[in-house]
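Here you go, one structure.
Should a chain be cited, it is by its letter among A, B and C, assigned in written order, with residues numbered from 1 in that chain.
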Amino acid sequence: MAPIHTLHILNKTPGHQRHEACLAALGPQDALVLIENGVLALAKGLDTDVACYALMPDASARGIEDPASEVTMVSFDDMVALTSAAENVISW
Amino acid sequence: MSTPKRTLIIIDQAPYGSFEGREALDMAFSLAAFDQTVSILFSGPGVNWLRKGQLAADIHQKSVEKNLAAAPIFGVQALLANAADCELFNLTQDNLLEQVELVKLTPELTGQFNHITFAG
Amino acid sequence: MTDAQSELTGTPAHAGVFTLVITGAPYSSQAPQTALDFARAALKAGKQIDRVFLYGDGVHLASALLAPPSDEANLARAWADLLTEHQIPGVACIASALRRGLVDESEQKRYQLPASNLVAPFEIAGLGEWVASTASDSRVLYFHKGA
């Protein structure tokens, strides 16, 4: 896993101001974790250059099973590892 | 040894219509009271906190304009506002509180802090 | 690895201690459940949780009076059990709590209220508790309401 500067945890649907603000604040060494309603970005299609993860239970709950290949589906265990490894974390 | 935290509290809700911004200010002032480094960023509809001439008595709330004006005295390092959102809500040098620094929400800005949060 | 070392090597020390701040209310947001699943995973991974801090609408999680239908998770109970089992301090912000009608026995007496409703082991305290966590090496994680 490449070092993560800031891990962005996003739980807002696309179109929400905080969803858009999060995307604007993504830096090149950052990573994005979609949780809760944030996973709906996968239904809409997500265009970002940073490493992107989505919380599997939230995606499954919303019937999103086959995300774009650039997105890695993760468990809560993985999310703990990501939040531990990142230098900073922002919950949007 | 602890890495000193440089905190940014972001307020993106307009004043009075919800309580979130007020609770965000409480967080910022608490950090400042304990000599922690803290700045506040107003973005989205949150920039309306920074408009001069707020008279909230008739909706039975306290105006926060005075608190904000005193923020630097309380030890809040900077009051930042997203320039594009100020423009959207017609906030100019004429009606914007003094001491507000216009910025853009970018990785360069957030990179100056190692603890960034909203109140809710 | 010390901070000085991590600066030299460019690899930050992995966070071993978490503080969880919950601002989303139970039954109106997913935040308390997400935070609970995260906390269980963190503890399983050997991480320490120094404090769970409830702020804003999050204080409703410490109410002893939540009575959800029996086929739904009782989030207040589940959180209280987790905190007790792992001896993690649970703190509801006093300013948030009093405004929203969440009081312990001493606040009940102070304000002469007809009842108290804080579920053990949660306690009521000031934002200073949150400041203490932010000033420490703890990784402070926030669970806000979604939208």
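Throughout what follows, contacts are C-beta pairs under 8 Å (C-beta built on N, C-alpha and C of every residue); 3 or more make two chains touch, one makes a residue touch a chain.
Just so it is clear, the model here is predicted, and its values are computed rather than measured.
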More contacts between chains, A-C or A-B: A-C
Chain nearest the global centroid, as defined over all protein CA atoms shown: C
Inter-centroid spacing, subunit C versus subunit A (mean Cα positions, whole Å): 23
Length of the line joining the C-alpha centres of subunit A and subunit B, rounded to whole Å: 26
Multi-partner residues of subunit A (each touching 2 or more other chains): 18, 87, 91-92
Contacts with two or more other chains, residues of subunit B listed in rising order: 115, 117-118
Residue numbers of subunit C (touch at least two other chains): 142, 144
Residue ranges of subunit B in contact with subunit A within the complex: 12, 43-45, 105-107, 109-111, 113-118
Contacting residues of subunit A [partner subunit B, same complex]: 5-6, 17-18, 21, 24-28, 30, 87-88, 90-92
Subunit B residues touching subunit C - in the complex, by the definition given at the top: 1-3, 5, 7, 19-20, 23, 26-27, 30-31, 34, 36, 115, 117-120
Complex contacts: residues of subunit C adjacent to subunit A: 10-12, 14-16, 18, 30-31, 34, 37-38, 40-42, 44-45, 47, 139, 141-144, 146-147
Contact footprint of subunit C on subunit A as seen in their complex: 3, 9, 11-13, 16, 18, 35-38, 57, 75-77, 79-81, 83-87, 89, 91-92
